[in-house]
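Step one of this worksheet: look at the structure below.
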Amino acid sequence: MYSHKTKKRVRYGETDQMGYLYYGHYAQYYEIGRVEMLRSLGMTYKSMEKDLGILMPVMSLQQRFVRPAYYDDELTIETTLRKLPGETITFYVEIFNPDSQLVNAGSVKLCFVEEKSEKTVNCPDQLLERLKPIFDGH
Amino acid sequence: MYSHKTKKRVRYGETDQMGYLYYGHYAQYYEIGRVEMLRSLGMTYKSMEKDLGILMPVMSLQQRFVRPAYYDDELTIETTLRKLPGETITFYVEIFNPDSQLVNAGSVKLCFVEEKSEKTVNCPDQLLERLKPIFDGH
Amino acid sequence: MYSHKTKKRVRYGETDQMGYLYYGHYAQYYEIGRVEMLRSLGMTYKSMEKDLGILMPVMSLQQRFVRPAYYDDELTIETTLRKLPGETITFYVEIFNPDSQLVNAGSVKLCFVEEKSEKTVNCPDQLLERLKPIFDGH
Amino acid sequence: MYSHKTKKRVRYGETDQMGYLYYGHYAQYYEIGRVEMLRSLGMTYKSMEKDLGILMPVMSLQQRFVRPAYYDDELTIETTLRKLPGETITFYVEIFNPDSQLVNAGSVKLCFVEEKSEKTVNCPDQLLERLKPIFDGH
């Protein structure tokens, strides 16, 4: 298991007239969570695209909206890998408000596509090499 | 069962650098689907908020991303109610591209909250009255 | 002068907690205005990119926010070309609410870039040919 | 004059199929700039709304797009007040890429509206008190 936390503040343009963080914006919070997790492993999604030619389209998304998040709340996005990625990678996400209450929980599954051939491929070695020591240790 | 179709074109600002409709924007397509379904029943979500004082926060969202949607595609959003709403209402959504291929499928569950008391309530009669004849007929 | 009108409804996800259409979303309304104007001339921005290899990055944007637009308002976007495009093209935009009151007015200037060479070029002939008869007639 | 810098990374969902930060998203970067400037003065826009009942709708926006910003760039937003606010407040904004090159420059003018009366009012004293010593010193 590998977990990583990052923070993001709710902006005015992300609220709706209920005064809530609009439900459609959580997908971007999930994106931030997984991208910053990769960065914490010494890898960037940008380099995966640019240097390895690997795209990661989203296959599925599941979200539960537990309680509202409000304007200017600094939310904590906790992103977890429960197992080593293979043909797909699933990130589990929990988002907490400043009172450490759960706001949103869910998961997002992505696959790996070689840009040139437009075919799905396995998780690139560069990512697996970084994850294996973490998962072996547990 | 009650089904309704509406259309929405993919805008430039909704694409990402893969050239796809960004996965986070589908939630807004789902919103458009359910709001236009309500309008087709002679009801608006706006009047539910303003006249009835009922808010409809989203409880959960599930989406499968079947194939990409591209810039300027006019997508068809098909929204379906499979049963009468009670304490919650679930909209099933399928989004098709101009070649009638499935792009995205999922569901979104909402509840009804009385703005004044901030308590969950049952589906308002004004909506049930419109739906009952449709569901009774089948 | 060439003018074109198109409509777009304000969606829940576009409102903010003031209950207004968030100011940052008007840029997308401007995009819709100019793209639908091109379509009314028998041309698509999509084909300019795909078939002609011409990109149109935005150079500048000016907007006055005259009065708020609200949830579910069906706004009218009126887009006007005041002169034939050359190295740049400027669209003047006025957005009206359902009571025909001015909501927002402004302009956006774009240039033409050849994707291959990454150099600015003149307005493509395919667009000029469609505009010249309109401007000559006046 | 009072200047403040804050950072924001370009997210995937903010890019478009040109691979650029979509022009419509800069308005939110401007929002982040001015809100973080207020916070640097010991004030939050949230408290202005909640505690003082003052809303700040945007009156006008001007932006020049100097060069593209790209995915994953950590941009620096520099926000400047050139004079004390009165009936309106104008923020001047410059956005720089990681190579310190200017990406975007512009300004945004807002007014102060008392929520209860829906009337425009002067800049609240709480903000002026924080700014006066800074402007007097220069």
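As written, the chains take the letters A, B, C and D, and residue 1 is the first residue of each chain.
Just so it is clear, contacts are C-beta pairs under 8 Å (C-beta built on N, C-alpha and C of every residue); 3 or more make two chains touch, one makes a residue touch a chain.
Being a predicted model, the structure only gives us computed values, none of them experimental.
Peer 1: Going by residue numbers, if over half of the contact pairs line up, that's a repeat, so tell me which of A-D, C-D or A-C repeats B-D.
Peer 2: Match found for B-D within A-D, C-D or A-C: A-C.
Peer 1: Please tell me whether B-C or A-B has the greater number of C-beta pairs in contact.
Peer 2: When the contacts at B-C and A-B are counted, A-B has more.
Peer 1: Any idea how many Å lie between the Cα centroids of chain A and chain C?
Peer 2: 34
Peer 1: Per the centroid of Cα atoms for each chain, what is the distance between chain B and chain C, given in Å?
Peer 2: 28
Peer 1: Please tell me the distance, in whole Å, between the geometric centres of chain A and chain B computed from their C-alpha atoms.
Peer 2: Inter-chain centre distance comes to 25 Å.
Peer 1: Touching at least two other chains at once: which residues of chain C meet that condition?
Peer 2: 12-13, 18, 23-25, 27-28, 31, 71
Peer 1: Note which residues of chain B are touching chain A in the complex, please.
Peer 2: 18, 20, 23-28, 31, 55, 57-65, 68, 106
Peer 1: What does chain C use to touch chain A in their complex?
Peer 2: 12-13, 15-19, 22-25, 71
Peer 1: Looking at the complex, which residues from chain B come into contact with chain C?
Peer 2: It is residues 11-13, 27-28, 31-32, 35, 44-46, 71-72 of chain B that touch chain C.
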